[in-house]
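Have a look at this one before I ask anything.
We just call them A, B, C and D in the order they show up, numbering each chain from 1.
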Amino acid sequence: MTSMQLGLIGLGKMGGNMRERIRRAGHTVVGYDRNPELSDVEDLAALVGQLQAPRTVWVMVPAGAPTQSVVDELGGLLEAGDTVVDGGNSRWTDDEKHAAELGAKGIGFVDAGVSGGVWGLENGYALMVGGETEHVERLQPIFEALKPEGPYGYVHAGKVGAGHFSKMVHNGIEYAMMQAYAEGWELLEKVDSVENVREVFRSWQEGTVIRSWLLDLAVDALDEDPHLDKLRGYAEDSGEGRWTVEAAIDNAVPLPAITASLFARFASRQDDSPQMKMIAALRNQFGGHAVESAEK
Amino acid sequence: MTSMQLGLIGLGKMGGNMRERIRRAGHTVVGYDRNPELSDVEDLAALVGQLQAPRTVWVMVPAGAPTQSVVDELGGLLEAGDTVVDGGNSRWTDDEKHAAELGAKGIGFVDAGVSGGVWGLENGYALMVGGETEHVERLQPIFEALKPEGPYGYVHAGKVGAGHFSKMVHNGIEYAMMQAYAEGWELLEKVDSVENVREVFRSWQEGTVIRSWLLDLAVDALDEDPHLDKLRGYAEDSGEGRWTVEAAIDNAVPLPAITASLFARFASRQDDSPQMKMIAALRNQFGGHAVESAEK
Amino acid sequence: MTSMQLGLIGLGKMGGNMRERIRRAGHTVVGYDRNPELSDVEDLAALVGQLQAPRTVWVMVPAGAPTQSVVDELGGLLEAGDTVVDGGNSRWTDDEKHAAELGAKGIGFVDAGVSGGVWGLENGYALMVGGETEHVERLQPIFEALKPEGPYGYVHAGKVGAGHFSKMVHNGIEYAMMQAYAEGWELLEKVDSVENVREVFRSWQEGTVIRSWLLDLAVDALDEDPHLDKLRGYAEDSGEGRWTVEAAIDNAVPLPAITASLFARFASRQDDSPQMKMIAALRNQFGGHAVESAEK
Amino acid sequence: MTSMQLGLIGLGKMGGNMRERIRRAGHTVVGYDRNPELSDVEDLAALVGQLQAPRTVWVMVPAGAPTQSVVDELGGLLEAGDTVVDGGNSRWTDDEKHAAELGAKGIGFVDAGVSGGVWGLENGYALMVGGETEHVERLQPIFEALKPEGPYGYVHAGKVGAGHFSKMVHNGIEYAMMQAYAEGWELLEKVDSVENVREVFRSWQEGTVIRSWLLDLAVDALDEDPHLDKLRGYAEDSGEGRWTVEAAIDNAVPLPAITASLFARFASRQDDSPQMKMIAALRNQFGGHAVESAEK
C-alpha cells in the first residue's frame, strides 16, 4: 500500500486515536488542534503548508459552527484538486452545502461517518463514506488504515451526504436496540420468579436470535454493577437520533421504535414531567382523583 | 313513567349519588352498604326481602373479588325472573361468567358502564348497557332516571359484556385525549415566544377543532394553578386503560396512541427509570459517555 | 365598533369566506387573488393603492414560497407604519424572518393562526395571534369580526411566531384526539358483543368525559356511512403535525401520542410497508417462517 | 459425562432436530409423535414403559391445549420422583399450574425456553430454564447436549416459570431489534443520496455499535433479494410478543419500543386500516378534505 500524507484537524478523543491508527499503518499525519499540546503545527495555514498537492485534509471537529468555520478557512487555504473529508458528526444537509462551497473552488469533498468510540484504536473504525468516486478513491489508503480488518467496516454509500446519512441511521438503529435490551432488562428485574437477570443476559450471548455486541456490553455493565444500582436513569442524546426522526418525517417514513427510544431519553432527563402534571390535574377535575403535591 | 323498586348495593361516592338521583326521579331505592351509617338495610337478605318479585338489584361495588362475592350471594338470595345489574367497573370478561352463573338459576344479568364522576348527580350519568333485550327493557325507568336529559347518554350497546366493553374503550379514548392536551400544553409551556399558555387554552374553547369538555376542565385547572406548579407529574391508572390495551392485543388491533398514554402514566410513577439506567450503562460502555450517580 | 379598511390577499376557500364574514361586520375589504374572477383589484399595487395609510394587509396564501413571495412584494409596496398579518399556515420560524424583513422598513408584522375550516363563515374563526401589542391592537376590529361570538376563540398568545406556534400545537393535539377516537372505534368494531358501535358513539355525546366537537363529527360521519365502508383508510397530513414533532424534538419534549398519530398517517399511505418486508425477511432467515409474495 | 435416558414428546421441526442433537451426544432418546412415521413408540404409555425410574420426559408440543393434554396424560403415567420438562412455548403462567398439578403427585417440573430455530441442530440451542434446583440438576446432561459449545447459551434463570418468562422477554427484545433494523433500512432506501443500502448494511457487520447476528441475517436476506421486492410487508406474530406486553402491563413497566414493534406487525396484516378510515372521515367532516373511495 502506498504511503500517504494526511492533514488531520481535531485531535480530541476520536481524532487523537485516529492519528495514531493511521500512523501505525505507515502514513504521514500532520495534525492540528486548538490545544497546542496536542497539535503538530501552529495553525491551519501551517498544516496546509506542510502537505504536498494534491492535498487531503480530514476534519474531525464538532458538527455545526466549528466544522463550518474550519471548512470556510480551508476553502481559503486549499486549491483546486485538493480534497476535504468531514469525518465529524455533521448533519447530512450540511454536507451538500460544504461540497458546493468547496466545489466552487475546485476542491473535492467527502463525508465520512465514523463509528468505533473508545474501541476504535485497537479494533478499527467503521466508515460510511459519501462523495464522488474520484474523491473517495484518493482516500482509499487512509480508509484502509482506519477500518477494521476483514471484509466489513467500510462502505462507499453514495453521493455527498450519504456517509453521514448512513451513520445517522446507524445511530438511530442503535437507539432502538439499546431501548430493546433496556425494556427487556427492566421487565425481567421486576418479576420475582426470575432470580438471576444478569445470568439470563449472559446466557443469551450464544445460540439466541438477539446476540450482539451491545448485548456483550450489557453483560459487562452488569458484571460491574449487577442491578445498576449505582447509576441514575438519565440518558443524553446526541444529534443523530433527533436527525433520524426528522429525516423520517421529511420522507414520511414511520419510525415508531426509534422515536419511542428518543422520547424515553427526553423523559429521563426531566425532574418532573409537565405533561403528567396536566394528566393529574385533569383526573382531579373530572373524577376528584387525588393528586400529589409537588412539594412531596 | 312507572315508579320502580330497586335494590342498590354499594353506596360510596358513586352509588350514594346514584341513589339520590334515582329517588329524585320518583323511584324507590333500598340501598345496602357495608357501612351501616350509609345503609338502608342490615344485609343483602334484608334488601332482597324488601323488594317485590320480579326484583331488580343494581351492584355498584369494586370490580373483581367484591363484585364476585356480591353476585355469588345474590345468586343464593334471588329467584328466577329477577335481574341483576353490574354497574361497577368490572372487566367485560367477568360479565359473561356472571351472566352464566346467574342465568343457570333463571336470573337475568345486565352490565352497565357508568360515566359521570363527581358531576353525575346534577348532570346525569352516561350509561353503556349490555345484555338481552328482555332484561334491559325492564331497567328502562332506572336508566331514564340516571341518564342526562336529552337524546344522548344512554345506549344498549349489545350482548352481555358490551356495556363494560364500551365503557372500557371510552376510558381508553379518554387516556389518549388527556395525553394529547398534556403533550400540547408541555410544548407550549416550553417555548419562549408563547407568553400566555393558559389564555391559549382558554381561547380554544370555541371555534376550534379540539374544543371539548376535557379542554374546559384543563382551563379550570389552569385557572386554579396557572402553570400547575403545585402538582407532581404523577398519574395513577385504573384497570380500564390496561384492559383496553389487552383487548386490542387479543384482537390484533394496533393502539399506538392509547398505549403510549398508558405507558406515560407508568413512567410517571417511577422514581427512577430502570430501563434508562441500562441505556446509560450501555452508552458508558461503548462510548465512554458520562453517567450520573444514583446518589445525586 | 369602528369600521376598518383591510387588504386581503388570497381568496380561496378560507380567504373568500373570511372576506364575507369581515364585510358582514361592516368593514371594507379590498381583496386580491391570482384568479381574476375572485379578485377585487388587478394586482397588489392596486390593492395597496386603494388603502389609506396606515394600511393593514392580511395575507392568506399557502405557506412557504407563496407567502414569502407576497411578503417580499408587500415589503416594496407598503411603507413605515403599515402592518402585515400572515393568517396562512406558515411555520413559526418563518414569522421571525418575515417580521425582521418588514420591520427593517418600519412595517409591523402579526402572525395569526386561524382555525375554523368549512364552519368558519357561520360560526366564526378561532384566532391565535402573535406580535407586538401595538400591531396586534390595530387589528382588533378585524379579529372581533372573524372570531366566534362569546368570550372564547381569540388570544394574543405572545411575541411574533406565537400565533402560528399555538395553531400548530392545536393541530398536533387534533391529530392525537382523532387517533384516540379512531383507535377506540376500530376496537369496538372488532368485537362481536358490541352490536351497535355507531349508537355507542352517539350516546357518548352527553355525560361522558370524552364528549367533544370531534366526537359530534364522528357521529355525523357514521350516520352517513355506518361502518365507513365507503372510505379507504388513507389520511394525508399537513405541515403542522410534522412541525409539532420537530418543535418537540428541538425542545426535548416527549410527544408519544401525537407522534404515533402522525406515523399512523404515514403508514396509511403506503401500499406496502418496506420495513415490514424486512421483518418478514428476518423471520424467514432465522426461523424458516413463511413469507408472502409481493405478487399476491 | 453420564449417558442418560430421555423421553421426548413432539418430533416436529424443533423436536426432531433436538432428538438428533441429544443422540449425537451419546444419550438415549425415546421419541413420541402423533405422526407414527416420526415416532419411536406407539403411545405415551409405551414411552413411559421404556424408561427406567426416575424418568425424565421432555414435552415439545404447541403451547396451550396440546401441552395441557400431554401434561395431564403424563400425570397419570409417571410416578413420584420422575420429572417433566416443558420445552415448548408455553406461557409462564401455565408453568405454575403444571408444576402444581404434577407436584401433587411427587413429579418434578422444569420449564425450558429454547431458542435456536433452524440453526439449532448444528450450533446448539440456547436454553433458559426455570424450576427447583434438584429437578434442574438432574437434567444437566441433556442441557449440556443441547446448548451451544462454550460458556454461554444456558441459564438456570430462577423458579418455575422463569425459563419461559426469560424466553418470552428474549422474543420481545427480538421484536424491537428487528423493528430497529427495519426502520433504518426503510429510511435508507427512501433517500436518493444513499445508493447502496445493502452494502451499507454489510459494512456494519464489523466495527459498529449495531453489529449482531440479526444484522448478519439481514445481509443474507438482502443478498438474496437486494430490495426485498419479492416479499410482501406482512409479518405474523407469535404469542411471546403479546405476552411480553401483557406482562409489562401487569407490572406497570413501560415498553414503548417493543409494543410499537408488535403493533407494526398487527397493522401489516390489515388490508385496509379501519382506524384510518375514521381519521379520513373526520378530516372530511371538519375540513372538507378529500377522501379516497374504498373501491379505488
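A few remarks follow.
Keep in mind that, in the parts below, a contact is a pair of C-beta atoms (placed from the backbone, for glycine too) under 8 Å apart; a residue touches a chain by one contact, two chains touch by 3 or more.
Listed by chain with UniProt protein names: A, B, C, D = 6-phosphogluconate dehydrogenase.
Everything quoted here is computed from the prediction, not taken from an experiment.
Residue numbering at the subunit C/subunit D interface overlaps substantially, since over half of the positions present are found in both copies. When the C-beta contacts at A-B and at A-D are tallied, the pair with the greater total is A-D. Compared with subunit A, the chain whose C-alpha mean position is the greatest distance off is B. Note: centroid distance subunit A to subunit C, computed from Cα atoms, is 37 Å. The geometric centre of subunit A is 47 Å away from that of subunit B, both derived from CA atoms. Computed from the mean C-alpha positions, the centre of subunit A lies at a distance of 33 Å from the centre of subunit D. Multi-chain contact residues of subunit A (touching two or more other chains) are listed as 117, 179, 181, 183, 186, 190, 209, 214, 253-256, 260, 263-264, 267, 275, 286. Remark: subunit D residues 209, 237, 242, 245-246, 249, 252-256, 259-260, 262-264, 266-267, 269, 275, 286 touch subunit B in the complex. Of all residues in subunit A, only 92, 115-117, 120, 123-128, 130, 147-148, 150-162, 165-166, 169-177, 179-181, 183-184, 186-188, 190-196, 199-200, 202-215, 244, 247-248, 251, 253-258, 260-261, 263-264 touch subunit D in the complex they form.
Those residues of subunit A that touch subunit B in the shared complex are 13, 117-119, 178-179, 181-183, 185-186, 189-190, 214, 217-218, 220-222, 225, 228-236, 256, 260, 264-265, 267-268, 270, 272-289, 291-294, 296.
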